[in-house]
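Following this line, the structures themselves.
Consider the two complexes below, in which subunit A is the common component and subunit B and subunit C are the respective partners.
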Partner chain A sequence: MNITSFQFLCFFTVLLALYYIIPKKMQWGLLLIASIGFFQAAGEWWLIIYPVTTIMIIYFGALYLHRVKEQKKKQIVLSLVVVLCVFLLCILKYFHLGLLAPLGISFYTLTLLGYLFDVYYEIGEPETNIGRLALFGYYFPTMISGPIVQYKEVKDQLYAGHAFDYTRVTFGLQRMIWGFFKKLVISERMGLVVNTVFNQYQDHSGLTVVIGAVCFTFQLYTDFGGCMDIVIGASEALGIILPENFDTPFFATNISEYWRRWHITLGTWLKNYLFYPLLRTKFFSTLPKKLKPKFGKKTAKKLTTYLAMLILWFTIGFWHGGLWKYIIGSGLLHWFYIVSGEVLEPLWKRLKTWFHVTDGSRGFVCFQRVRTFLLVTIGLIFFRADNVPAACHMLGSIFKEWNPEILWNGYLFELGLDWIEFTIAVVSLCILLLVSVLQQKKGIRERIAEKPLPVRWIIFFAAIFYVILLGNYGPDFSAAEFIYQGF
Partner chain B sequence: MDREELFERLNTVFRDVFDDEDITVTDLTTANDIEDWDSLEHINLMAAVEEEFGIKFTMGQIVSMKNVGQMADIIQEKLG
Partner chain C sequence: MRQFIMKHKNFIKIAAFLCIFLFLLQTVTYIIRTNGLVKDRFTGFYGEKNNTLDVVMIGSSPVFPCFAGAKMYGSHGFTAYPLSSNMQRPMAALSLVKETEKTQHPKLYLFELKQFTANEEDMADNMAYTRGVTDNMKYSWNRIDAINRAVPEVGERYTYYFDIFKYHSNWKTMVLPSQIACWRYERLEPLKGFEFKADYYPMEQLDCSQVTDMKPIEADYEGYLRELLQYLQDHDMQALFTVAPYVYESADKQRNYNYMQRIVESYGYQFLNLNDYTEEMGFDYATDFYDKGVHTNAIGAEKVTDFLGAYLDQHYDLPDHRLSSTAQQSLDQRQLEQAEKDHENYKSWDQAYERWSQQMEESRAGLQEKIAAGAYLDQKAQD
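Let's look at the complex of A and B:
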């Protein structure tokens, strides 16, 4: 069931009504049933074996880790459980089950492993009720593509009773409409241009490729970000506040900051459960001392960090699908950006004095944002292209032709969007930018809530009609699959 | 060890790790107060503190300590 489909809206409406009618004690049970139903609607019935097996392994694993105090035994059990889960994940993800693989398997595997690690590190208590644990792992809004929640963040909300709260429900629904706007109005339109440019990449060069690539960056952001707005909004309407996954990533002034604003919950997960433990291993904690005589203290520390980061970025890339285009495009390339940014720091400093640039000046921040955006876009060319050679071909073809005339000779409207559609896309992107800027200062929904009733309803209906009328629905009235769902 | 002495030693570690002689930490100092204290530097800091006091933090303590005060509490607890 796609979350932009009519079926999902029906499913959610019925659930929302039932949720606030039944006794509060039964609410979490209803959510569990709804989540199982949601999962089952996505594929073959027998695929339920996968979540059931995973939950059982994690459930008993966590109880054991909590009870046993011997470090050796704990380590063995932890490794066994992790290997088993990752093994199951690999079977589903990388072998023949491609089409049948249930929704966002990586996301809930990460969610459940995070829970297990917390018990292992003695930060969290294990859940003794297997039904509750199942709801945590397979809560339907987060099942599709995150956010990756931490057990300690949601446990008080997930199983508590929630009384109907007008503000919270309307805020949730507003957030959902905003998500539909990003997804249906912007992302689907961007997708048409992206498909034209990337699918026949041999036929395009110069500015056309740049436009296609920039459109893909917008497509991915509005697709994934829109999906997050829908699921966080849906969950908010049910009284359960999920962590944010995006914080206007394209306002970032460098790549490190970009990753603190893009897919935030994945970043936190990897930091806590991969990067830190890695740096604490014997190899990494003694490496600076070994390198010190040769390179000096500071450089030795830096080299160690770069090496650990290399492993981290490789994993991020690999997680996206195990293909080199992902490993390079959303992994190693970003590692290269961050490391070269640091290593070449003296050069940047000299350039800045040369050009009389002051840090934090409006013009320079603007330059930094555009630069970060373009660097990310280069990575995303790899991500979207068929494979690495195709991506390299596209990058090369940008410099093969100087064709700014496409901006005014009408060629732009032959890439999949005619001039009306193109205008809608640009206007919608401007709305997105405006709202993002306003949101930085004060929540947009709080601003709307302060307005008099008629104004609120006008805004509400205008937004709904904008999405319904201008939403770009696929042929079967269900938007294309969310790009991130498969990861 | 009393708290004052502990903070003296913590100051030395912080100044060394962040290469800044002007740092003075208090109970309420957090990562937001020290510019270079990001998630990378955090681990280096932990290692330096461990070395200084001859203790070992657990991963749970490393990811959950909220400010220098909590760090000092854990150190005092470990030193007994």
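Let's look at the complex of A and C:
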């Protein structure tokens, strides 16, 4: 069941109505049933075996970890459970053994492993009710593409009863509309240009490739961001506030900041459960000492961190699908950006002095944002291209031809969008930018809520019909699934 | 009351919001449904004043280029309107009768039966044949019922219930005045649903006059026909089942019609196969078809309409709504005023007849030229 489908809207409407009609103590049970139904609607019935198995393993594993005091036994059990879960994940997702990967498999595997680690590190208590744990792992808004939630963040909300709150429900629904706008109006349109350029990449060069790549950056952001708006909005309407996964990532001035704003919950998870534990391992804690005689204390420490970061970024890339194009595009390239940025820091400082550039000045911030956007876009060429050689070919072809004339000779409108559709895409992107800027100071929903009722309703109806009329959906369009749903 | 409103303020707001939303959704959908002759015909039907139609003609594409309601009005004074669409699926006939009864109570229903000899697999495969009817009906329970009958895949029905799923990409047409005028799906059709075909294609008649045996139509179609007949009978409605002139693909078609005739007559209804009367109406197979013997052209349509109009006038008690000069002479001033007042509802029919006559002359002249030059329709180009 795609969350932009009519079926999902019906499913959610019925659920929302039932949720606030039934007694509060039964609400979490309803959510569990609805989540199982949502999962089952996505594929074959037997796919339920995987989440049931994972939840059982995690449930008993967590109880055991909590009960046993011997560190060695705990370590063995933790390792066994993690290996088993990761093994199942890899079998289904990376090794293509002819089995179907269940919906959002990576997301709930990470969610449940995070819970297990919290119990292991004694940050959290284990859940004794397997049904409640199942809801945590299964909760349908997070199942598709995250956000990857931490048990301690949501447990009080998931199982507590929620009274109908008009403002919260309407805010949630408004956010869902915003998500539909991003996905159906912008992302689907961008996808048409992206498919034209990337699917026949040998036929394109120069500015055409740049436009295709930039369109993919917008497509991915509005696709993933739109999905997050829909699921976070749906959850908000149900009274459960989920963590944010995006914070205007293209306002980032460097790659490190970008990753603090893009897919936030994945970054947090990997930092908490991979990067920091990695630095605490014997190998990494002793490495600076070993390197110190040769490189000095400061450099040895830095080198150790860079090595740990290399593993972190490799994992991020690998998590996206185990292919080199992902490992490079979403992992190693970003590691390279960050490390080279730090290594060349003295040079940047000198250049800034020469050019009399002041940190924080409007012009320089603007330059930094554009630079970050372009660096991310280069990575995303690898991400979207068929494979690494194709991505390299595309990058090379940018410099093969100087063809700015495509901006005015009409060629631009032959890439999948005619001039009207292109105008809609540009206007919609401008709306997105405007709202993002306004959001920096004060939430857009709060701003609208302050307006008189007729004004509010005009805005809402305009937004709803903008999406209904200009969205790419229905029998004449084959709306693509969310890109991150496959990860 | 005030207390009630204050207590339930938010729920009232939600209900009001949903009502406005549904109204806007319906209005926008009506406007952006694909513009064209079928839409014009249906909006024209809904645009007719209540209880002003005497005959409603239901059926597939042979109906609207063949039976000219405006001409029947001009010649006999009764109003006849085609509620037809291309390759109209047989199960739609009953839904259209129910739709008609909401605003009109015609003295007679006329059903063209060619589509009952079609192949259901071919018809069901093309959703345009279903949408021709369902996407031209106003929103109602009857429309939902029509969709449920025509679309077996439950998972696909929502795109029919909410046809904006299909037509939202027509948003560019929202600026057209003709589209905006359809906001209530009511807009008078100047020719009362008739479509002029101003080309010809020479054909030869397949003589089936000796074919008297029968061949059953598809079981489902027979079911729909019997269901329709039963409904008409139960509701004491008058109906005539007919077949417009066309060139049969084979003698089996005649056998199908023989079979249907027996069913129709067993319910006490009349069956009129106009193919059996082509000589009487002076129908010329060499010049009176528009395409390969499937649809009549303007000249053929005039002949068929003259014959059918006279037949209906003779066999059914249909009123004359015209303000004829002879009738006016026998009325006093008060009666004349009343008659003129009553005629207000039929003025658009006077205009339609005038328009039809004018266009008929143009079409006739054009067709005669083409016939004289032997310049018949290039079927390959049409295909």
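The rule is simple: the second predicted complex is superposed on the first by the 477 of 487 C-alpha atoms of A that agree within 3 Å, B and C clash if a C-alpha of one lies under 4 Å from a C-alpha of the other, contacts with A are read in each partner's own complex, and residues count from 1 in each chain.
We take it that a contact is a pair of C-beta atoms (placed from the backbone, for glycine too) under 8 Å apart; a residue touches a chain by one contact, two chains touch by 3 or more.
Bear in mind that the values here come from a model prediction, so they are computed numbers and not experimental data.
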| item | value |
| --- | --- |
| Which superposed partner A:I123 touches (first subunit B, second subunit C, both, neither) | first |
| Touching partner for A:D156 - first (subunit B), second (subunit C), both, neither | neither |
| Contacts of A:L279 with subunit B and subunit C, given as first, second, both or neither | first |
| Touching partner for A:E70 - first (subunit B), second (subunit C), both, neither | neither |
| Which of subunit B and subunit C A:K271 touches, first, second, both or neither | first |
| Of all residues in subunit C, those that touch subunit A in their complex | 10, 13, 17, 20-21, 24-25, 28, 32, 127, 155, 158-159, 162, 164-166, 168-169, 171-172, 174 |
| Complex contact set, residues of subunit A against subunit C | 6-7, 10, 166, 420, 453, 457, 460-461, 464-465, 468-471, 473-477 |
| Complex contact set, residues of subunit A against subunit B | 118, 121-123, 256, 271-272, 275-277, 279-280, 285, 298, 301, 305, 309 |
| For the subunit B and subunit A complex, residues of the former touching the latter | 19, 38-40, 43-44, 47, 58-60, 62-64 |
